[in-house]
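These are the structures, in structure tokens.
Common to both upcoming complexes is chain A, partnered first by chain B, then by chain C.
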Partner chain A sequence: MTRAALRYLPLLILAVAWEAAARLNIVSALALPPLSHVAAAWVDLVRDGDLIDNGLTSLYRLIAGFLLAVGVGGALGLAMASWRWLDAALRPLVELFYPLPKSALIPVTVLWLGFGDGSKILLIFLGCMIPVTIGAYNGARGSDHVLVWSARSMGAGRVRLLWDVVMPSALPELLNGVRTALALSFILLVSSELISSQRGFGYLIGYLGDNGSYAGMFAVVLTVAFLGFAADRLYQILMRWFLRWCE
Partner chain B sequence: MDDQAQIVIDGVTHTYRPAHGRAVLALSDVSLEVRAREFLALLGPSGCGKSTLLYLVGGFLPTEVGRILVEGRPVSAPGPDRGIVFQHFALFPWKTVRANVLYGLERQPLSRPEREQRAQAFIDLVGLGGFEESYPSQLSGGMRQRTALARTLAFDPSILLMDEPFGALDAQTRALMQTELLGIWRRTPKTVIFVTHDVQEAVYLADRVAVMSTRPGRIKTIVDTRFGDRNPSILRSKQFVEKVDEIWDLVRVEAIKAQEDTAP
Partner chain C sequence: MVRVADHSAPAAGADGIARTPTGRLAIAARIATRSAAVVLLLVAWEIFARSGKVTPFMLPPFSAVVVRIYTDAITGVLWINLGLTLYRALAGFLIAAVAGIALGAAMSRLRPVRWFFDPIVSVGFPMPKIAFLPIVMLWLGVYDVSKIAMVVFDAIFPVVTATIAGLQAVDKELLWSARNMGAGERELMWQIALPAALPQILTGLQVALPIALIVAVIAEMAMGGYGLGGAMMGASRFADSRGVFAGIVEIAIVGYALIKGLAFIRARLLAWHQEAEERS
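This part shows the complex of A and B:
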């Protein structure tokens, strides 16, 4: 308990400094509204339903895009590691797509699917798929051939090999790729909603900022930051459970 | 004698072709017969192709020149009639001891309780009772190799292929495991091909020792090493020491050749 408290002490200090800086006019209240105002604005936003409505929309987009990326990206990486022709066919594509800033695709996805949920889900899916694919691919390629031989000598066929040996072997790297994807999904969500949306966290941040409700704007930013943090912590707990067999 | 041979290796030549680098002739015209329930050691310096020969019998590598018959049928793929134990255990690290041992039983015509019972019996046999729910990463090297042994013995292969199984263990554990392996082999007789570069180990464990020459691997000679009762006390007997010396002389030449081969 005390260790957890100590760990987050810097955040508390930052919060106090923030409040003080705004109250004492060290920074203009316009640039940095006092934290207490931000908190009050947050309560208002929740009460109005604005935060919940936009939040649910965002979460839906995030989860849909993220799950699609994990499913398709993971399967693609394992398949590429298993079949050489597929590897040869898709590797150049993955390599080309890897360094592309995915936010550059925002206008493209809007062009294809409009301003609604579809374009956000597609963007998150495309952006998050690459780290998952690469993680699954590298993990599967690194699976020990002696384990494969072992399983074969115990009668495992091709499908069982994939399921029993290749997939678990790939798991540590795959799960690291998924963690990267999780962080990316928040970035892509908010940036796409800022630019091209009538709903969602990003839209709300932009809208409040444009209308001078800076306390509200900060409230939404902090909410997104907290959600991203919580998602990552939760993911780490899950990951540790999945990898409990690792040394 | 011929009709008793369970494994027939006949004129096998194998070329190892790495993805990068030049091809190496690993085995040249190797012929060998192993009788049912015989314990045969394949002895030779590292790089003599003894593991390659084992992998060919296991069906992990394709036989290109010559033929390998097991129970009269040519080997084409790995199968549960030939269990293998590797030097580095090859346990599934994501499975517990119990799950590892159960894995080989999954495709056997047994009911679930029968499988569980059989797995437990072999875990107990190798002295790992109480560690059923441990992961390999939580075990010592000796315990990992016991688990691997239990896993392979549990699905009851008639042939046991062992690839320097005690090579990664410390001297004390190795001595213990050797004696234990003999005990298990006496209780559940199997045909064993045991790859090793340790002369003493080969003489202690095997009925016959096939001494291999280095690069390309050939069977140089086969030495009968059957003594009366095998127990650790024979390790100090005159008969045993003489046998070890005799084989050591055969191997020495090859070991020196192998060293010269790998010297820069």
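This part shows the complex of A and C:
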């Protein structure tokens, strides 16, 4: 307990320094509202329902896009590793789209689907799919040939083989790809909402900033940052539990 | 996006998917299939866009997009936008690289520095730092400084963690023997530890570079003005879909060129390393 406290003490120091800098007018309270004001603004935003409403919209977009990316991307990667013709057809395309800076897709999804949920979900889906595909593909390609051969000689069919042998051995790399996708999904969500949206966390941040209620803006920014951090930690815990069999 | 433990993940993504036997012939074959795939994709785009199934607004034909890029190149707008985006992304990347390596080295050598920054790095890394964009705009305005600051803020984390991980993994015997032979602390760092950690540091830089470009483009989109991102967003507001797709093609080419350029530099810098022998 004390060790954990000592470890995270620097964060506390930062928080105190923030409060002090703002209180003592070392920096203008306009540029940096005191942390206590930010906390109060956060409580207000929760009470109004603003934070909850916009947050639920954002979470819906995030989860829908992310799950689509994991489902389709994972299936695609496993399929590419299993069927050679599919591999030959799609691998160049995956390699082509892998380095594309995903943020370039923001205006296109707006062009196609407007400013609502659809464009965000499509953006997150497109942006997050490829890391998952590559993780699944590399994981499945790396599965032990002896295992595959023995399963095959014991009469496992293609689908059975995929589900019982290839999938579990692909899991560690697949889950790593999913972790990259998780981080990416938050980035794409917030940036697309900041740039073009009428709801969601990013919209709320922009709205509060434009109205000069900077304490509220800081509160929402910190909320989003914390959610991204918490999602990653939670995912790591789940991943460790999921992979406890493979040592 | 990728943390200490899996600092090799993106490299595995880029190179790993091509984990095939190399050699000149295989490389030539790979380039051929890849360019064939690109050509096929572009032809399919052109045919699909002209088939009448989608409006030119939803998907302008590739040829129209090329014409658009060409006109922008002639009028010079393209070069202004391209230059500004590259300047912001690369300036931010270079600052992040130098500061990140310095901070990583300081953290692995000096305990108080490590104590102070370790929780900040481990909490800050998985955060979607792009959410801080409006705050950075509030502090630094909407011009180059704030965009570059945003790039630095996002791109520095993978560099720091890769530097720490790389320095930690340096062979202890290497350090002991150097010390035995009379190397001072400074020489130890510059001549032994940093070169030995270079492969991992470069991997961290290879993660940071695409992040730098992504963030530069997002910042331009959010703040408007010149730059590839700003131009795309402007085109999108005026329902100018050719402009939007021209932007995608331009950004894709820039991203590809930057990644290839850094991979080339890596091969040059690590010519002495066993990694180079494994490749050829």
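Things to note:
Heads up, the rule we're going with is that the second predicted complex is superposed on the first by the 244 of 247 C-alpha atoms of A that agree within 3 Å, B and C clash if a C-alpha of one lies under 4 Å from a C-alpha of the other, contacts with A are read in each partner's own complex, and residues count from 1 in each chain.
By definition in this document, a contact is a pair of C-beta atoms (placed from the backbone, for glycine too) under 8 Å apart; a residue touches a chain by one contact, two chains touch by 3 or more.
This is a predicted model, so every value here is computed, not measured.
Considered on the superposed chain A, chain B and chain C are sterically compatible, since they fit side by side. Centred on chain A, the angle reaching out to chain B and chain C in the chain A superposition, using CA centres, is 90 degrees in steps of 10.
After overlaying the two complexes on the shared chain, residue contacts for A:Arg91 are found with chain C alone; chain B is out of touch.
When the shared chain is aligned, chain B comes close enough to touch A:Arg152, but chain C does not. Contacts of A:Gly209 after superposition on the shared chain: chain C is touched, whereas chain B is not. Once the two complexes are overlaid on the shared chain, A:Ala31 sits against chain C while remaining clear of chain B. Taking chain A as the reference, the larger set of touched residues comes from C, when chain B and chain C are compared.
Of the two partner chains, neither chain B nor chain C is touched by A:Leu161.
In the superposition on chain A, A:Leu194 makes contact with chain C only, not with chain B. Shared-chain residue A:Ile106: touches chain C; no touch with chain B.
Nearest C-alpha atoms belonging to chain B and chain C sit 7 Å apart in the superposition, given in whole angstrom. Taken in their complex, chain A has these residues touching chain B: 144, 146-147, 149-156, 164-165, 168, 171, 244-247. Those residues of chain C lying in contact with chain A across their complex are 1-2, 6, 9-10, 12-14, 16-19, 33-34, 36-38, 41, 57-58, 115-120, 123, 126-135, 137-139, 210, 213-215, 217-218, 221-222, 229, 232-233, 235-236, 239, 241, 244-245, 247-248, 251-252, 255-256, 259. Contact residues on chain B toward chain A in their complex (touch as defined above): 55, 58-60, 77-80, 82-84, 86, 88, 90, 92-95, 103-104, 106-107, 135-137, 151, 155.
Of all residues in chain A, those touching chain C in their complex are 7-8, 10-11, 13-14, 31, 88, 91-96, 98-108, 110-112, 131, 134-135, 137-138, 141, 173, 176-177, 179-180, 183-184, 186-187, 189-191, 194-196, 201-202, 205-206, 209, 214, 217-218, 221, 224-226, 228-229, 231-233.
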